[in-house]
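First the structure, which I've put down as structure tokens, then a few questions once you've had a look.
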Amino acid sequence: MNYDIHQDSIKIAVIGGSRIEGDSKVYDIARKVGQHIAKRKAILVCGGLTGVMEAACRGAKDEGGLTIGILPSTESSTANQWVDIKIPTGLGYARNALVVLSADSVIAIDGAEGTLSEIGYALTYAKPLVGLNTWEIKPCKALDVPAMTTADTPREAVDMALGLLDKNRL
Amino acid sequence: MNYDIHQDSIKIAVIGGSRIEGDSKVYDIARKVGQHIAKRKAILVCGGLTGVMEAACRGAKDEGGLTIGILPSTESSTANQWVDIKIPTGLGYARNALVVLSADSVIAIDGAEGTLSEIGYALTYAKPLVGLNTWEIKPCKALDVPAMTTADTPREAVDMALGLLDKNRL
Amino acid sequence: MNYDIHQDSIKIAVIGGSRIEGDSKVYDIARKVGQHIAKRKAILVCGGLTGVMEAACRGAKDEGGLTIGILPSTESSTANQWVDIKIPTGLGYARNALVVLSADSVIAIDGAEGTLSEIGYALTYAKPLVGLNTWEIKPCKALDVPAMTTADTPREAVDMALGLLDKNRL
Amino acid sequence: MNYDIHQDSIKIAVIGGSRIEGDSKVYDIARKVGQHIAKRKAILVCGGLTGVMEAACRGAKDEGGLTIGILPSTESSTANQWVDIKIPTGLGYARNALVVLSADSVIAIDGAEGTLSEIGYALTYAKPLVGLNTWEIKPCKALDVPAMTTADTPREAVDMALGLLDKNRL
């Protein structure tokens, strides 16, 4: 497949749990987020595994987008089948820092415990962060920027992820 | 100084921000947590820097305890002066995963963004986690265990960190 | 620019030092290696910085190839200008493990100390390893596979990197 | 057991393979290195596993020394029984960088592929490096310092590791 990649291609990370047992609604939301990312010509970055990560990659491929999976294991074969560029790290969950760092902005969807560490990294690295039905977090003290912006729909999440980025760049 | 170290010495991680500007109350709380950890003959693990980390190390040294600092940089000299064993990692904030992994249980105090990533790792690695005036978090779905137990005082936080551990071991 | 990327696109890592002061011969060799990698439709992976890494990326771009840079810092802006996909890791030299892991086979060119760690990782992870005017290494005991295959020219190095891979896959 | 630990306690890393099948001579050498490290009141750092790492830890414990094991896995239980302070990293072989970084000087004994990556890191981070029947390495160009100093006996290796350190500190 052919991809148009530029030096200034935007990368959006989708973070979320690897297990979304029986929850086809979460799968659909993540897939739609992936679709909108690809429609906007952004590159999708994620942890490369199952669940939310798989759904988002699949959505991006529905629309001919490019996907990058930053994997916890040393084996490329652990990636879901919709990952184009596999980066096996062998770092376990410490790779969560890299998923966030590799992206320009971050969308959190649903998510178990690991997702919370990624939300923490998005805030640490001052990446624009949009939440879609994910952890609610409340800081114990004032932060320099709002902890997380909340979206209601997949399209809105992607719009916000790109919009916050433009704002950062001004 | 002499330390009594056993194969089964308990390690407790204290996580919290490196900046607690002008907030002597947070410093005092963290220092007291360090004191109680040392009194209970546990080893203190932390990120080795300033703020909550420094206060906790200092408290542990008040009571003759041993302290381990897992540092983000490659330089031992970045550790606060109350760190006995310095582990420079060069990993940046990815070292947050190691602070949590190295401990048997975790106490979160105050904290900015990085602390949230460590809370996420404590949950990911199923370490007993006690919060003391820190981030409030609410999962978007049922987890296997409560996300975080909350303590009201330094002594209670350490009691809980050890108590939850005993419970896990049964 | 448009790239044809497949699930089974081969990735070849080029490892080598960031400083090749005044040594235009090394720069030329690395650039030619990059050119041959792109001509063979493989993706170039490297550490993303200057010196051998830059020359190899530049060579790949001469021939319209795709380049991935796995960076030690947290900043995409540290990549040389011929890196298409920037993966900032914040891991410092620990990222050397990831450069090797992300590739199917590895070509070592020239190189200072860091390159030796990457040669060690290529052997550790059993990646086909081709040396081109690089460290000479002699194990203290018998290994399962030859430590390193040596090439005489850029073209031969790329041929060997691909050939050893085919052999591994049989 | 009681340990006298100071802020300026020297840490020496012993690097070497996890498998030394049937080679009791290598085991004996590594154990003696550990003994001499403890006799000189230095703290032993290693990768915490079997083979050379185990032998060195055991030797240090023969003489009442303190041992630190920086483990590739997330599980403390993977440490050999002579490790006092276990640092599970979950980083796989990327933890090799940390073993070297945590020490003031490095002794390489025997060793398979992973040891070569650690030799590379010792050179990268400019740690005094002493080899004892290990990889022979020859740089392709002049380095700022000799690549590796070679010792003939365990005692000499430890003397050199400490002596080179004193020289660095002047």
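To keep things simple, chains are lettered A, B, C and D as they appear, and every chain counts its residues starting from 1.
As a convention for this text, a residue touches a chain if its C-beta (ideal position, glycine included) is under 8 Å from a C-beta of that chain, and two chains touch if they have at least 3 such contacts.
No experiment lies behind these values; they were computed from the predicted model shown.
Participant: Average the CA atoms of each chain to get its centre, and name the chain whose centre is farthest from that of chain B.
Facilitator: C
Participant: Weigh B-C against A-C on C-beta contact pairs and write down the one with more.
Facilitator: Of B-C and A-C, more C-beta pairs in contact link A-C.
Participant: For chain A and chain C, what's the span in angstrom between their mean Cα positions?
Facilitator: Centre separation, chain A to chain C: 28 Å.
Participant: What whole-number Å value describes the gap between the mean CA coordinates of chain B and chain C?
Facilitator: Centre separation, chain B to chain C: 40 Å.
Participant: Could you say which residues in chain C touch two or more other chains, in rising order?
Facilitator: Chain C, residues with two or more chain partners: 74, 89-94, 97-98, 125.
Participant: Touching residues of chain D toward chain A in the complex: what are they?
Facilitator: Per the touch definition, chain D meets chain A at residues 74, 89-94.
Participant: Given the complex with chain B, which residues does chain D contribute to the contact?
Facilitator: 1-7, 43, 66, 68, 70, 74, 81, 84-91, 97-98, 101-102, 125
Participant: Going by the contact rule at the top, pick out the chain B residues touching chain A in the complex.
Facilitator: Contacts found on chain B: 91-94, 96-98, 110-121, 123-125, 133-141, 143.
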